[in-house]
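Look at the two complexes coming up: subunit A is in both, with subunit B in one and subunit C in the other.
And then the complex of A and B:
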């Protein structure tokens, strides 16, 4: 086994390390800690954080890439498979390998298309054939199906519930018992523990049921080439997170620096920055992005020697898509921040700082940036969902992620082709829709709670 | 007495249960002006909104009865209530700029009320609109009818608001701080208008205000509100002669007076936050006559023999032993007022700040090429001198350029011309590096304590910023010590160091702002209206603090203000500004007692005095012209009652009336000529 670190993997882990280091730093300062403690007392915040962290867990597992050593050896040298897989692939190997011939509905035992089949009598019969994996254990589908599904779901849910209870008990014993009631949480009226407990148990039961069913059915059906949609959707999470976070990281310095500089310095600085973003935002963005992506694509095609594996190539394409999206989408936030800064710079505390002779960079970082952070936070979360959707649009135009990369965009694009079909193939779209909805909603709710917690003007109960 | 409005135990509370207006009862007779006096946050406006049944979301009427000509309007269905609003009961608001719809002409807005309440349409309505506008004293009525609110000045907008309120021929006019947003000279015009209208139409007015001076001029009867309750109710004469409640007494005592040697009787603390009221008297924590019972039991309403009502244990009959006559404090106060005045010192020769002919012109850009088509002459040749340890006040109405002078001195605004010599160094045209060295000497305290502190920084960080930048204090521990010292100096607890500004009240925030300025050991503080956003009781605290700091640290102040009473208390010398120029300067005693310039005279006479007296009343017509295009000759001549032909020719030169006194007016020169 040879670990492979793709570019986006590196960025994701860098981001994670930054967040952890930040958290470590914050822990040491009680006044920095306070707003986060407020977040920790909000049921809404903690539940959405729990759900978000489940998504992130999938994304992180999917970012641990490696290549498997093949059994045969070449002159004593280990030969590695050309395919790069991730830790998540290993965990979900069952889902990945159980491919059908073509479409099948969720939980179905039959294919979605009729085929010619030879009967025992040698006649050719045209009917829905049984699936290769989904529900093969059923001898009489019509009679056993419902009972089997209910039974499996119930067993899975029970097992999941049991695991959930064990998990909570373990956490309780490991972390909470020693600290007992020293935690400020226990004294607060809006105690999120109950909500967290219920959510954890519900989620555990849900995952138990789904994973038990997934062992013998395709829970979300299969796509055109018979791949399990649940697997595809889970794999799409990483792409979504990468596009959402890395693009925002690219956008942020541009929007923040240029917007605040334009608003604070005004004059010719403002003129230049305004001209740049007016020009940039008056070019149709899809056109601009398509042109950049195509140029990048050609460069990648011209230099196959840069990449060891196809996964590395797809990954660079994903990363450059993030960069291109980031470079073209900072204008909106920049304009917002410029306006806010124009308002802030006239406030008296800025003038007081100027009267002390505080340097402009310091005024910008100490006085203006902290006061526009709520806008940045909200805009980032709004952009996050927008970017995931932009990726879908671009994949449709054919300039999105590499076709081998699974993403919500490619899922929706694939679903789009089948929407006109009768009977309709709805599950691919439903899967992408459901996953994106939960992800974006959780992120939005969490950001809302964080924003409120950081606003000193809101009166906080504690 | 013919009762027009009768309010009985009105309670308005938040949906959470906290009472904002707590058990209020009063009556208003026809043709009477009833003033509701109180500091901000004590529930005055909520009372008015309760009467109109226009309470915001989250607030509801809990109990009580409001009878308007014997009809309980709290029981009316919303449909009938709409007829009463604007009809029998009309309201004008504090901010005239926000209460008119910016996209409708003035005429259309008045016509709306007429159509609704008088069923007047078309030409008849238009004629009535014109009549109303004439009634409120607007000239050129036909043109004004078609004007949009942005084309009118603040005073004119408030007149239009009054015209709109009068359109429904109301029996009761609720005026919520109608002049707070206006300048003194305009305030005098609007108050006069309200009085005239009342006489003509026999209308009652419920006047909501925080200004004792306005009450003295306008009211027949007064109710004093504190923390949601009426604590005292009396006729104006009674109240001003014998304030009964300790709060009212203190409110009078806290007014700035001309006696400089004496600290103001400030009320400690600030108005309690809504819902923080305990079981006892709400004023007890700030009252120095309070005893155990005041903290334990809410005082009931006591009617004094002379008809005055008061909510205080001092007047309870069962506390007969301790009952005091409701006169003590104000009488002693009056005595102290006449005690010996500190003679004004001759300003020492070593002046700290010398400003010569300072000009600040802002260019007006127009067109695609942003060519400069003109200048706003915000400051147009101001010269002043401040000696060490002295206070110079810069007085004028809003828009006269006094704040710009302050900012130009600090080089926050680049002066167009002139020199600013501070401690011997000319600041104009200095490079950033050289200016940096001079920064510590001069600091500013701003007007709005809510906008002058960064909400994301804690107090310690706010105070430390200036020290860091100007390298005051060797290391972090030394600076922390200095911060503790500063907090002591301005009267804040050292523990407040680690809190955010929003946790403090307005007065405390202003203390923080003063501490921030003091952090770098300045010798001159520029105070830009430091008390105008504060309540009277808190204003007295800040004025006392400024005075003590001056005595202890030998600070000089440039005190920018429109409040003449405050200036009279704090300043040694005064400069009166009009349209970017100083029209009169002199010591406080000279300028306040015997103003020479007609503008100064008008300004001083426009200030409502609590004893209802003033020097001869000089009413100014019109408003200050735009500084873009000042009038030819003397800038004041279009409004001046003594304008002569010569006034239209050239700007008058300075006439030295005495050593300390200068006036820019032709009246002075002609008088001198006459004398000689």
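And then the complex of A and C:
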């Protein structure tokens, strides 16, 4: 096994490290903790954070890439498979390997298309064949199917519920009990802990049922080449998360440095920076992105020797898409930060710092940047959902991720044409839109809570 | 005001020059014309002659910025930069890969784009503002919460879903209207209906919430309290006072996009097969027709700048205190 660190993997782990370091820093300062405590008392915020973190878990597992060593050796040297797989693939190997011939509906035991089959009497019969993996254990599908599905779902849900209870008990014993926090749950009505508890149990039951069913059925059906749609949708999560987070990471240095510099120095610095962002924002963003992506495609096509594996190439394309999206979208945040800095630099404490002879870089980093961070944070969480949605649109337009990268956009794009079939193949589209809706909805709700907690214009009672 | 307008238009020039330089750098410096030729003609087994021929057809065989072999003014004018970028200022966009004149194509395709975009814009604007005003009227009640929840939900749904779902429901299940296509004249109404409806529904979430925020900000101001103290009904306060005063933030977001309506919508037009500028752009992107993409980038930024000037003018119409000098 050879670990492979793709560019986006490195960026994701960098981001994770930054968040952890930030959290460590914030823990020490009560005034920085205050808005986060407000987030922590909101049921809506905590529940959406729980759902978001499940998505992130899948995305992180899917970012641990490696290549498997092949059994044969070349002159004593280990040879590695050209295929790059992730820890998530290893966990979901059942889903990945159980491929059918072509489409099959969710939970089906029969294939979508009729085939010629030889009967025992030597005649040729034209009928729907049984699937290779979905529901093979059923001897009589018409009689056993419903009972089996209900039984498997119930057993899975019970097992999941049990695990959920164990998990909550473990968390309670490890973290909460030590604080002497013995309030019974019924007494803390307006506490996110109750909502979190219920959500965790519901989710545990749901995942238990789904994973138990997924072991013997294709829960969301299969696509044109027979791949399990649930697997494809789960793999798409990483792409969505990468685009939503790394793009803002790219945006940040431009918006922060240029915006604060323009507002603080004014004069010709301000003029130049304003000119740059006026030019960039006057081009309709889709067109600018399309133009840049087209050019990036030409560059990548012209230099196949840069990439060791096809996964590396697709990954560089994904990263470039993030870069392009970031380079075209920093102008809005930059304008906000410029305005805020213009306001801040007239305040007494900045003028006092200037009078004491504190250098400009030091004033900017020590006095201005910490006081515009709430704007940056709000912009980051607010942009996330928009970027996840934009990925699907860009992939449809043809300027999105590499066609071999699994993403919501490529899923929708592939499934769109199947709506014309009769009976219609709706499950791939439904899966892609459903996953996207849950992710974006959770992100939007969380962003609202964060914005309310950090917005200084709102008065907070507690 | 005239002097102001002239100054604004003069200020627009450096911005357009910047856009022009940026697109030029993007299309000709990042990748050489040779790369593009190879991309167009197929990656492998392309003879150098074929590349030369393609470049000559496209007019890419000249030096990029400075022609050292030519004399006098044509040192500058006989270059790719002059031919492809500077000429855009005269709206001379050259020819597409299929040999058609891009400027003429844009003229004929503007009308179908506008036929979809304008009704969507007008109906949407009226609907969103009314919806937001009603949410503001019932603020703090269950109706308001319901409205906001609906908005958050609607804005979390992908725009592609509205189009695909709407097309499926209206076209396949209920057989109301044709799924896609377009004809000119009065017959076009049945082709326009569905895209407009979907466009309006798709915008409710984000826009409704945005207008609600604007109105809520206005409603906490002193003049509203004064109006209520005079004994005006809440409806009159909202529609008579709050709406009028909220016009400035509304116009800031709305007027900018009016000229861009000409560009049409990429997604809607390509899904519904409408021969407008949006589908023209998408086709050009898919066929990697760089000339058309360049023309659309330039046109888009010109229209955006026109929109900014229009925004300033619109302020003077709704707020007598604003004077452009």
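In this text, the second predicted complex is superposed on the first by the 354 of 462 C-alpha atoms of A that agree within 3 Å, B and C clash if a C-alpha of one lies under 4 Å from a C-alpha of the other, contacts with A are read in each partner's own complex, and residues count from 1 in each chain.
Please note the rule applied: a contact is a pair of C-beta atoms (placed from the backbone, for glycine too) under 8 Å apart; a residue touches a chain by one contact, two chains touch by 3 or more.
Everything numeric in this text was worked out from a predicted model, so none of it was measured.
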*Counting only touches as set out at the top, which of subunit B and subunit C does A:307 meet: first, second, both, neither?*
neither
*With the two complexes superposed on chain A, say which partner A:36 touches: subunit B (first), subunit C (second), both, or neither.*
neither
*Identify the partner contact of A:371: answer first if only subunit B is touched, second if only subunit C is, both if each is, neither if none is.*
first
*Quick one: name whichever of subunit B and subunit C touches more residues of subunit A.*
C
*Check the residue A:279 against both partner chains and state whether it touches subunit B (first), subunit C (second), both, or neither.*
second
*Which subunit A residues come up in both lists, the one for subunit B and the one for subunit C?*
none
_Parts of subunit A lying in touch with subunit C, wherever the complex brings them together_ = 275-276, 278-284, 286-288, 290-292, 294-295, 298-299, 301-302, 385, 389, 392-393, 396-399, 408, 412, 416, 419, 429, 433, 436-437, 440-441, 444-445, 448
_Could you list, by residue number, the parts of subunit C that touch subunit A in their complex?_
14-15, 18-19, 22-23, 26-27, 30-31, 35-36, 38-39, 43, 152-153, 155-161, 164, 168, 172, 260, 263, 266-267, 281-282, 285-286, 288, 290, 293-294, 296-297, 300-301, 304-305
*Where on subunit A does subunit B make contact in their complex?*
31, 347-349, 351-359, 362, 366-367, 370-371, 456-457
*asked:* If we count contacts the way the header does, which residues on subunit B are in touch with subunit A in the complex?
replied: 407, 410, 412, 432, 435-436, 439, 442-444, 446-448, 451-458, 465-466, 469-470, 498, 500-502, 513, 516-517, 520
